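Questions regarding the structure given below will be posed in turn.
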Amino acid sequence: MRARVVTFGEMLLRLTSPDHERLLQSARFDAVFGGAEANVAVQLAQWGIHARYVSVAPEGNPLAAAARSELRRFGVDVSCLVEGPGRFGLYFMERGTDARPSRVVYDRRGSAASLAGPGSVDWGRAFDGAEWFHTTGITPAISRSACELTVEAVEAARDRGVTVSFDLNYRRGLWDWGRPATDVLAEFIEMTDVLIASEAHLRMVLGSEDPAGGRTGDPGRVEALMGAALSRYPNLRTVALTVRDGSSWSARLADVETFHVTTRYDVSRPVDPIGAGDAFAAGMIYGIHALEGPTEAVEFAAAAGCLKHSIPGDFCRSTVDDVTAVLEGARGVDR
Amino acid sequence: MRARVVTFGEMLLRLTSPDHERLLQSARFDAVFGGAEANVAVQLAQWGIHARYVSVAPEGNPLAAAARSELRRFGVDVSCLVEGPGRFGLYFMERGTDARPSRVVYDRRGSAASLAGPGSVDWGRAFDGAEWFHTTGITPAISRSACELTVEAVEAARDRGVTVSFDLNYRRGLWDWGRPATDVLAEFIEMTDVLIASEAHLRMVLGSEDPAGGRTGDPGRVEALMGAALSRYPNLRTVALTVRDGSSWSARLADVETFHVTTRYDVSRPVDPIGAGDAFAAGMIYGIHALEGPTEAVEFAAAAGCLKHSIPGDFCRSTVDDVTAVLEGARGVDR
Amino acid sequence: MRARVVTFGEMLLRLTSPDHERLLQSARFDAVFGGAEANVAVQLAQWGIHARYVSVAPEGNPLAAAARSELRRFGVDVSCLVEGPGRFGLYFMERGTDARPSRVVYDRRGSAASLAGPGSVDWGRAFDGAEWFHTTGITPAISRSACELTVEAVEAARDRGVTVSFDLNYRRGLWDWGRPATDVLAEFIEMTDVLIASEAHLRMVLGSEDPAGGRTGDPGRVEALMGAALSRYPNLRTVALTVRDGSSWSARLADVETFHVTTRYDVSRPVDPIGAGDAFAAGMIYGIHALEGPTEAVEFAAAAGCLKHSIPGDFCRSTVDDVTAVLEGARGVDR
Amino acid sequence: MRARVVTFGEMLLRLTSPDHERLLQSARFDAVFGGAEANVAVQLAQWGIHARYVSVAPEGNPLAAAARSELRRFGVDVSCLVEGPGRFGLYFMERGTDARPSRVVYDRRGSAASLAGPGSVDWGRAFDGAEWFHTTGITPAISRSACELTVEAVEAARDRGVTVSFDLNYRRGLWDWGRPATDVLAEFIEMTDVLIASEAHLRMVLGSEDPAGGRTGDPGRVEALMGAALSRYPNLRTVALTVRDGSSWSARLADVETFHVTTRYDVSRPVDPIGAGDAFAAGMIYGIHALEGPTEAVEFAAAAGCLKHSIPGDFCRSTVDDVTAVLEGARGVDR
Amino acid sequence: MRARVVTFGEMLLRLTSPDHERLLQSARFDAVFGGAEANVAVQLAQWGIHARYVSVAPEGNPLAAAARSELRRFGVDVSCLVEGPGRFGLYFMERGTDARPSRVVYDRRGSAASLAGPGSVDWGRAFDGAEWFHTTGITPAISRSACELTVEAVEAARDRGVTVSFDLNYRRGLWDWGRPATDVLAEFIEMTDVLIASEAHLRMVLGSEDPAGGRTGDPGRVEALMGAALSRYPNLRTVALTVRDGSSWSARLADVETFHVTTRYDVSRPVDPIGAGDAFAAGMIYGIHALEGPTEAVEFAAAAGCLKHSIPGDFCRSTVDDVTAVLEGARGVDR
Amino acid sequence: MRARVVTFGEMLLRLTSPDHERLLQSARFDAVFGGAEANVAVQLAQWGIHARYVSVAPEGNPLAAAARSELRRFGVDVSCLVEGPGRFGLYFMERGTDARPSRVVYDRRGSAASLAGPGSVDWGRAFDGAEWFHTTGITPAISRSACELTVEAVEAARDRGVTVSFDLNYRRGLWDWGRPATDVLAEFIEMTDVLIASEAHLRMVLGSEDPAGGRTGDPGRVEALMGAALSRYPNLRTVALTVRDGSSWSARLADVETFHVTTRYDVSRPVDPIGAGDAFAAGMIYGIHALEGPTEAVEFAAAAGCLKHSIPGDFCRSTVDDVTAVLEGARGVDR
């Protein structure tokens, strides 16, 4: 169980207005680090998986230094963080509730990661000892060069026989550098072994070929969608989807042999849903390495994603025991 | 869309114990300005409507100065704030949840607004350029002289051909200066063009003549109630009611031609419901000016009131786009 | 209505990570005093019952001094707090939500109360003027000597004709000094007049003799359980159970003549459920003294326990009027 | 050392903007109870003196209830708190530093204490067992009736042979009910045994007869001032003055036999100077009862007043040991 | 006294770690708006001067919208805020004490103001009705185009006969777009009527021609420095310098007729020194318009700058009365 | 510059009441990790020195897990943290100011470190690759077995030729397990190469042999004291003392060739002086490894200790550049 997992992406500082206030309603921000790929590495490290996080951060920048320390706190391997010119990316957030959606305002222009491009990272060093590579559809969205760097990363992984997982993570607010998101994301799927996505994002990428009607979360419709992905992209070994339906959260896994629908969790009083998908992705990677089979993996991943809803910040701060308690239906006060 | 709306009432400082604590459980108060009529002006100004707030505030008082600045922050026209002797009114609040109601403790005795009376305000200046006047049943409750000043305001508006909207806003804890609330409120309805109320308050004022049985929120019963109001007070052009039923929030509009029931919103995880009725009132005024018809107006108003439940403080801090997102059923995280 | 109630147990300082954070996620703890038996005394004193709290606290310790002041703030009689060697007991807490249980980590080893034993307290002075004695299954759990001291307390009460109420309060994380919890708790039930418990804890103590199947909260099954307790322990005059079923909270009372099921309350948005059982216990003691009969008592107690869910801290800070408002179904904003 | 001290005055809620912000710069207030005479009682009770606080507070008011609990927390005897009509008095505060003075804005109009008058308090009960009575020049300032009630209190004390201490406590912002402050305060001095004041206030009351030139804190000038007071008011047994000179704090005591100048303390980094004079007054009362002579008393009092500068809130939270440590010049970290 | 003052520059959001923590030591930032030229406008508006703030802010950006509201709160005329492409500029700050300097980390790259250039602003509209124009050496530092836009602004002012004041405000961390700061700043001085600076910055710009030795704050040396400026730049009517010497703060004014050294203030316990120079600049502009002569102006300005040290945030929140109290040496607690 | 430094001691959680409040005045604690030897390791790691921290922490304890993560955040080598039975040690703190000393209340009884004894640590692994060992007089104070374990550590270091530095760190509140502190500390000095202490502690240990009169900080007296230490303990290569004199902070170094008095720093506005001695110790170790000679080392160390006074928490969070800025006299705002 000493799988060496590498994740690659951009780390961000999230600035959230307190409680559910509008931005700058009070003169204060809660500040946490995040970024989908860092979130995955942080969670894996806490579960005892050797996780290395690769990124390009601004040189001599105190935010970047603090980010590095924060990763180290969780035991993430930060030996392959690269420095480059540019800013440290930020995002501002307001938390919604009921009918009011949470709002994210990105401030990533000119960030070191968006200015980086092919050649910025020494992939030989980054993948030294690695068995698994995870990245997402966010970095390809931030700039053409960052997209090319991500392609380079995936190709370098595949050249070394490293398994590739890819989380679609479509971000409407980011894609503006020229190519349509769906085209780019589809190209990444073609290089992926394990595809992770929310139902809505996968449906968007598969586009007009949506093979079934019915409402979100409809089991038959989701199974058809996942089947379509598996047939269109024969390189895919596994597709794992998260499904939100009102206040419930669950997941589906499909591979050649299995279609599994997980336990459905009530997440009606979320503390912080940001990063739930990343906790799910980490759960899939952990489960595939450490648990008995794909069914156990996706159940573990769904429980981890559920748990993340209750934990403030981008990072899922959980142990394997914490996830197991969710799987076992623990409730109330544990004393 | 440059309607000049005037609102009149008393601005208050709300002191809330943090989280859901009892008063002074911690040695801290969260402090926000409010007051029904200021809430309406603040919301209208953010939606691009020229809104002037008229009030009587204590002279040389730093709370009054801060209140004026706070209104100006939202673009409210404060040129007709009048100074007079007295205190700045306060209210203390504890937030409840589930079976525990929120508690309001007023501390308004001796306030400048309650000491003011007819002649305190130059209505000619106040209504200069005005097309609409909005006030509520709160100011008439705080003292006999404040009630008389409010009557003077409504009459001055009518004399100038300014449309009058009135929100019943019955406050049990305030009415003690002599005349029964129902009598006074009924007299105001007689001078009103657009009546805004919660179902319960309208039922209370119409009193024994309640024309229908059935439980709160029952559509037929509400329609009958609104019909009774329209027939008893032929001056009324429009009646708009907000209806709470458990954790749902919706509204009804009735005029000579229309009876419309709005979308029903889940507000089961409210952040701060204070001011939801005022956001609804502002939505009605905005909608009548800027949208196609009464149906669109009341739908917009209901969505605004729903949105206010998610926003801390008395003021609804929203843009037209924010309300539109509620109308369109936005959810989750907008990124 | 000047019943003199004595409660005995250990007072603790609870250190809670803010919001729903994991322990030390932020460099801050919210700190409140608690302890089941202190919670009962604090609530009774606020309802006008003379309540004396007996405990053994570390001498010359500033936390103990602060605890004593905090009790005095609520009007609790602290004249029989005894000093002894040892630490002041602590517990750390993380608050959960939805599928994540709250977590309690005790740090009570070497506390003054756990080092105390028979002879530590002058029971003659402690029970002077007393009519009722309340203690719980927590103190017997912390050490053999503390268990023996609790037995001494109950026997001293019975010798003086003082009514004994006992709350099972099983704490899995504490019982490790040698004897099984179920054996010890059963011995306490044999000395009890009024038994208070959660359904689950009573079922655990009655063990294999569980006389009925069915799921938690099933009325018939609960009635059978309570009946079994009454027949096995003929000393019991009254059994009062709290029942949680999903997000609902209610209670059952059984005595020779009555089996009563209370109103069922929704507690789906709890602020702090810790101490709800203690508020229920206080409500039973209050109700038996001040209300008409057992049915009224358990209804009052259930409402008090419901109310506690909405109040931060271990202590239920409520007046009789506050509980009455819950009984009457008050909602929304009381203004 | 079981002297029964009675103090009388108005309790207030202080609302302070956080840090050194202007009022409502942030939407928050820190809230503490205070009032000169309550401050004295609270400090005496912590030093083991039986202290009873007499006041008139608004009936059924949650702030008054919280104030009563807060006093009880410190062991103050609240059995003679009287209820009457009116509000609970408030004051708002901004904290200054360096060249910016702190600012107090009173909001006491219509308070229960200012509406009270002769006959509001049962002085027989209030002075039952009392040996010492302490009041200040604040209550006479708030209204004519409150002034008359204070006169009644002092006369009732003298009739019973109770020693009277009076702290001038001139508050420029309060005196507006008709009579000049200097006249009224002079009349109180005529009924006083132990006069406590700041140098500046005593100089103001003695007025044109200021017997010496020189700058503030000049020893000879202060001695002459105190001598003038003793000769003009032969009823005075003791005069104790606090002297601020830049960032230093010290005191002077004069009686028939003694003129003592205390240690001079540096208070250049004050946390909260409000209540320092009250801690000094309490120190005088404590010292006269418990220490060897007037010199020891005023040294203890000066150290207590110095200590108060370091403690947030109106109340001085200190033990006798804490004051002794100041007297002994403790510094740094006590570990 | 209705002088129309226009200021031009970039508004920034300052993110400060709480207390004196290092950046991200806690997961929180205090957030306030600032920017030298906005600070001047905000203070002038509070003193009753009509102040218009001209800037280029990112379009559709919620931070820009909040900044605009914040200016409006103080009564600043925001009618000439222009929108353009780019980010909203930020700066991060750690507060030092004693031997640890405060640290500012700019994050302004790609800001709307730095991307703006000649033609971005309609100066005809901006200077409509203006009598005075104030800008500083910060905007010329952020980019070549912003420098050119500032030159355009100054020329436009001069063309319209508007008096120009210029604050050197050298920021070492910003100047990197090509030309040396000293060259550029010297060119601005040539277009200036009233030059404002700290002693150190003026010395730096005058360079090798420093006409006198001696240590910082040495009166003769400062007078010589100011004399040198007046002779080298005959366009200068007035030079006003702030001088820090250890923990003291004072100012000097020189014009053809006057050399005045102000009162020296102790600022040894500063709450927030950021913006003190801007408060000084505002004080000069106010004083020249509203007070008797240059001596009174610079004394007022020095007192305003002193006062700013005690006020949290970039903005000086003060009234004319507040400054007057400093001039009159007010101390302690004003009650 | 890749010296491998090992430090050994007990890590503690410090719980501080906010601002300068008395313990539990507010229901909140600020919580930071500390402990003299951890503080040294944390600072060294930030300066690029490989630092390994050895301790015995309670097994399966969430506070211990958080402590480990916190060390890892700074890059400390935590591979030799040992688990054992017991609690995690705490200390409570109140911050003083001016005449009020800060107060520390230890709660370490039963801690894992105090229960540990010889054999608890594998010193072979701990010292693998080590060149320097640092420990202090605190661990020998907490229990006989911990003292014996510390002796074992020092002997193991000496056996391996590892240089030993020892910081006296006398803690009056801890020494109660039997032997007098002075005897035990003297035995440790006999095994020490580099002795670090405050002037007062060294004077206490050298006892009656104090070779010189004069007041604290008197240069001649301090030089004589250090000389006496060097002659009495010929094993000592270097003695480095910190000297506090009122609000100033400086240091002295003595070895065979040198007696150096460092720059004297003003620390009159300390943010948190806890850990200043540890920052000084770390500075000595860093300086001896990385700087030119003993004079440079002690100047660096004194500046680091000065800097620590400005940084909240036990840990000194500084870079080499930060210390250099202090050495160079940086002031004000660095922008």
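Which chain is which? They are A, B, C, D, E and F, in the order written, and residues in each are numbered from 1.
The rule is short, and it goes like this: a residue touches a chain if its C-beta (ideal position, glycine included) is under 8 Å from a C-beta of that chain, and two chains touch if they have at least 3 such contacts.
Remember, it's a predicted structure, so these values are computed and weren't measured experimentally.
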Any chain that touches chain C and chain B: A, D, E, F
Chain located farthest away, centre of chain F as origin (C-alpha): B
Fitting chain D to chain E on CA atoms, where both chains share a sequence, rotation angle to nearest 5 degrees: 120
Comparison of C-D and B-D by number of C-beta pairs in contact, larger one: B-D
Far-end chain from chain E, centres as C-alpha averages: C
Inter-chain centre distance, chain C versus chain F - centres from mean C-alpha coordinates, in Å: 45
Centroid spacing, where centroids are CA-atom means, of chain A and chain D in whole angstrom: 62
Per-residue multi-chain contacts in chain B, two or more chains: 27, 70, 268-269, 313
Chain contact graph, described as a line, ring, star, complete graph or other shape: complete
Complex interface listing, chain E residues touching chain A: 13, 15, 23-24, 27-32, 61-63, 66, 70, 87-88, 90, 92, 105, 107, 109-110, 313
Touching residues (chain side chain F, partner chain D) in the complex: 19-22, 25, 96-104, 106, 171-173, 244, 268-269, 273-274
Chain E partner contacts - residues on chain B that touch it in the complex: 69-70, 72-75
Residues of chain D touching chain F in the complex: 265-271, 303, 306-307, 309-313, 317, 322, 325-326, 329-335
For the chain E and chain C complex, residues of the former touching the latter: 26-27
